[in-house]
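Pasting in a structure now, in structure tokens, and then I'll have a few things to ask.
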Amino acid sequence: MVSDKEPTILVFACNWCSYAGADLAGVSRLEMPPHCRVVRVMCSARVRPEFVIAALSRGLDGVVILGCHPGDCHYSEGNHYTRRRALLLKELLEHVGIEPERFQLRWISASEGAKFAQTITEITGEIEALDRRREPPPEG
Amino acid sequence: MEQELREIVRKLLEEGAIEYFIGYAEGVEPLHTTPCFIERGEQVQALVWSPLCPYNLARYLHQMKDGAGKVGLVVKGCDARAIVELVKGNQIQRERVVVVGIPCQGQVDLAKLEDAFEGVEAVEGKGDTFLVTVGEKVHSVEKERLLREKCFSCRHPISFEYDFVLGEMSPLVYGSESEFAAVEELERLPVEERRAFWRAQFERCIRCYACRDICYACYCQECIFESKAPRWLEKTTTPLDNQTYHLIRAWHMVGRCIDCGECERVCPVGIPLRRLYKKVEKEVEQLFDYQAGMRVEEVPPLVSFQIDDLVIEESS
Amino acid sequence: MPRRRIGVFVCHCGNNIGGVVRVPEVVEYARRLPNVVYAEGSLYACSEEGLSSIREKITAYGLNRVVVASCTPRTHETLFRNACEEAGLNRYLFEFVNIREHCSWIHMRAPDQATEKAKSLIKMGVAKSYHLEPQEELESEVYPEALVIGAGVTGMTAALNLAHQGLKVHLVEREKELGGLLSEVNKLFPTHRDAKEILDPLVEGVKNHSLVTIYLGSEVEGVEGFIGNFKVRITKVEEEIKVGTIIVATGARELKPIGQYGYPAMANVLTQLELEERLKEGVDEWQSVVMINCVGARGADRSYCGRFCCHTAMKNAILIKEGNPAAKIYILHQDVMASGVEAERYYRGAMELGVRFIRYDPTNPPQILGERQAEEIKVYHALIGREVILPAQLVVLTTPLVPQADNERLSKMLKVPLGSEGFFLEAHLKLRPVEFATDGVYLCGSARHPSDIRESVSQAYAASAKAAIPMREGVVRVEAITAFSQERLCNGCGNCLLVCPFGAVELKDCERGAQVAWVSVAQCKGCGCCVAACPNGAMQQRGFSDQQLMIMIEALAEGVSSGLR
Amino acid sequence: MKTIKKSHLAEWLNRVAQGYDVFGPALDGVVQFKRVNSSDQLVFDYANSVVPPKNLFLPQTECLFAFRREEGLVILEPRGGLERERVLFGIRPCDARSLLLLDKVFNGDLEDTYYQEKRRGTILIGLACPSPPQRTCFCTSLGIDPLSPEGVDILLTGLGDRYLVEVTTEKGEELVGPSQELFFPSAEGEKPKGEKGKSLEGIGEKIGSLWEDGYWRELSRRCLGCGVCTYLCPTCHCFDLTDVGSTLSGKRFRCWDSCMFADFTRMAGGVNPRPTGKERVRQRYFDKFSYFPEQYGVLGCVGCGRCSQYCPMGIDIRTIINEVMARGAK
């Protein structure tokens, strides 16, 4: 997380809502910062928190999980589990000094292309601000 | 009490009620006990009990998982919760375990004891004090001075249904500090300072896996860290690798950690692991009103949800 | 493990990708990735030319994994999978990388960064493809009956179309009568025939067809299941019904512009539909009528255009004018939406008849003058550049159709999305316009967006034709993205069983004597929740395994990771 | 022999630090041998470090080389090597002996350059053990003298407010020479007498006779299979090689490994010749008392007692030695 480099942000998006929302942002030609990489999963509940931990520990600057709004899950209840996991994981990460901005869970529906663009823009900005503050780690 | 225990175990073994019994025996020095497996009636003399029996023997129940017979063991109140969790996690059947509850009134922190006295031969609990025998002399020391940190938050020994109880199981109530005080102290630090704190801890980790291997809740057939595909964790021990290890492990403690404190006790390089797992415990309790090891019927927090989790989400 | 031979096809999508991302550079990059034996750029990978190139290269280079970097898997995955299959490659050995929606289209002004991003997305896709495994799809039966929700012109058309193909249909209507919104309409644009002329044969048709069961005054209360086997609860019906497909034809309703232009307090301010109710009884002797278009549409509250309200306003203006040629009729509009030959001709006809069209400025809207009822209308006439006062014995507000109030409830029940305006949202505007992303659920008519009769009927035909396909085939293939448990690793804790929303997991005794998880593939819907709940990765998901996802993370992290290693 | 006042030690070490990287016992959660910038960071009130000094010569994680693929070639960039010569202060005689044992391993038929570079580039200042020793110490039972200068370049032995200074090598002389004014000659016979017990005679044969004994299974029931005993053992030296990165570029690391781990001997095909804890526990003690002596002519244990002190379940190597000595056949 060297300050002068551009951040890399991993985004998990559920197939039914958020990935479709991301597609809609594309179809609508909404511009946003190019630092995120969307990985498609069928449901946000597929994302093991271990992925988040591993990604952050491997040097990625942020991880975002996007899912259907609660109540709208294609599989009825997947995002309820996601929400619990995310609540706890965030606490755990923060406890060891990983800023809450680096791991975020957001709800984005298939029609919310604009919200997707806005979310990515917002989170990228937050993470860039953090990276500017952080000291580069010593060479090891 | 030791005699009573020995008699119970002798009877259980001689009646064929259990295949073996897991208890504490004397180690090479008086201060070092060690777990022991008693298989025959005549071995029961080896069984001992003192405030120097830290081991959570429920860990050894992993060994009986694939068998068919019954096993007996002695547990302190804190360790009893491990049995609840093992039953809940479908690792053992309650009826296959004969549980002897032992009314622990606090365990001695060996490091504190060794700092305070040299040449200690025996320690015994008595009311609010420990009686420490050094040579001919017996010192009476306030418990607070020698207790293991986790014993200050002893609170659950009575919730369990024991098969035998040697005396009255009651929590040791000590001090007014919150059991989460050490966690809260960290929480008050700015995020950068917390990062620096844990980085220094993780940097020291030698990844001997003692914390994992001693944990009653680590009953996976094969640990995720041993997986070659995917490789969750490299064998290298950079601070980030070690952070991966500790965070994933802490994640796996969600809803399972009963604060037996064994991980922290066995860490050779003194990483304050309870401050990590207590954080998880605290959040599980506060967010989802769940405590591990209380009742077998309860559904763990990460495999259940409430519609009104939304309220939590919005308030956090 | 046979050596991986990965082929990468990078699509220009004409200028859509190629105009931003430097495709030749990306192809060159892809060629150097581990295990990639072939890479090429393609003008349109989805064209017949592009697809046959993929098929040829699979054979020529012995490719055993194929990566296409182009648009979104949500619309094109099946196409490319089919191409792989046609070339003899298992369809699950294909990996999709989205460099259009997720790259070129959203970074149009940053070609350098978009090119780098495309590379890293492809690197991730290639890394994942290495770990893809061939899969077999499970076939599941489709119950050959359909549920149609809503018995307006759309729903009845769809129901009849299915029934005519010999399929049984359950037609559910909330109201006590069939007909929906159309039953409130007077005459039709542009023919001026009675709405009844359209409606009555449809009503008779569904009533008399032996394969159509009608549930009047009923609503859908609960839906469970997936394509081929939905279980539906309907109010006032005791037994659950079982259907293979569902068509949403719930229509829309006219906006009642409460609080605008004196509505509904002033008795002579009506909506178009209320006017039609009056017109059914004959044209009153109104001497002056002012219609205000775009009330509640194309503004901050509701950004969309009602699409045919202009037609309605013109139709009713002409009907009044024909009944009473002396009447002064003004249509105040923002724009006249009269596209196409018929509407344009109709528009000219209205003007020739003497209907006056005045354009108003939405930032300076018309005002109603009058105390207890409308007397006159004051409007800033944009063309002559000053305010004019128009006599108004009757004021008619032209409002758009708006979504049904309970769309949200139904969308949750069916697990299908709503768009931002509250109408149902189709899987793809152009490629899958009458289907939801959820298999086996279709939509048509004004449930999707305000549609006139012609559109509604065509969509009803389309949706029913689409729905008939799986029902006629009798089986659907279930995508092989189901979960499976690895016996060697499973510790039998049962987390997977507790989180599975479909009851697809159970514990069974295994060889080593312990209990281990077992997944019923037929019941598993592939959400992967159980995989994330499994502490040590004993549970996995086909196509989304821990290994496959982790390798993507690693591919992404490589090169960006801090100097620590 | 010389002496130095304890109050002068800091001054001497600070001078040494100008020419060398100095490592010594410092507090980092627990006592560890760490790089120190000034002698203030050193601690003296310690029996021994938790992690033995082997990690300065065989680091737990060591990058051997970096590799990358370029234009059809694989390019290797070697790593390792010392930037500056080092001084390790405060090593105990048992650990000094352990390095002599590791030398046999890493400087045998094939020289391990990574190890040797560090070994040659490090001057050892030993510190004789205090009396009484730590309760888990038993070096004397293995024939090691806790006051012996064997294996170090300089040995300091506490004498009230002074240290007795034994310089045994030229390298040691290089550290003392430039600071002659801090050192004073010692009187005859000032060196306290060490003790040296009998080494465990015949233990190799005895343990060999117990190969099939039920004792190992008994022991393994208590053993958790963690890596404490091996990682903290000054003579255990097993490692694994691992590549981090992709096939395009990455680094090769050597990392400690432990024969106590279940996957230590697991082969690619899944077969594991030491499938249960019994075989793994047995392996460790056979290695210390049978295989190592067979191969190198000396017992593989130095009696530091770390494994006994830190075993999570209180397994004590002395119990095992006693058991073997009592029950094993010659």
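Per-chain numbering from 1; labels A, B, C and D assigned in written order.
Here is the rule we go by: a residue touches a chain if its C-beta (ideal position, glycine included) is under 8 Å from a C-beta of that chain, and two chains touch if they have at least 3 such contacts.
This one's a predicted model, so the numbers in the text were calculated from it and none came from an experiment.
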Chains contacting each of subunit B and subunit D, listed by label: C
C-D compared against A-C, more contacting pairs: A-C
Chain nearest the global centroid, as defined over all protein CA atoms shown: A
Intercentroid distance (Cα basis), subunit D paired with subunit C, Å: 69
Centre-to-centre distance between subunit C and subunit A (centres being mean Cα positions), rounded to whole Å: 26
Inter-centroid spacing, subunit D versus subunit A (mean Cα positions, whole Å): 46
Distance from subunit B to subunit A - Cα centre to Cα centre, in angstrom: 36
Per-residue overlap in subunit C, given as positions that touch at least 2 other chains: 499, 533, 546, 550, 554, 562, 564-565
Multi-partner residues of subunit B (at least 2 other chains): 224, 232, 236, 238-240, 302-303
Of all residues in subunit A, the ones touching two or more other chains: 49, 54, 58-59, 77, 81, 85, 140
Pairs of chains, among all present, that meet the touch criterion: A-B, A-C, B-C, B-D, C-D
Residues of subunit A defined as touching subunit B within the complex: 49-50, 53-54, 57-59, 70, 77, 80-81, 83-85, 87-99, 140
Subunit B residues within the subunit D interface of the complex: 27-29, 31-37, 55, 59-60, 63, 200-201, 204, 206-210, 212-214, 226, 234-238, 262, 265-266, 268-271
In the complex with subunit C, residue positions of subunit B that touch it: 65-66, 89-91, 219-224, 227, 229-232, 236, 238-240, 252, 299-300, 302-304
Contact set on subunit C toward subunit D in their complex: 32-34, 554-555, 558, 565
Touching residues (chain side subunit D, partner subunit B) in the complex: 28-30, 32, 50-51, 60-61, 135, 218, 221-222, 224-228, 231-232, 240, 242, 244, 253, 255-258, 261-263, 308, 310, 312-316, 318-319
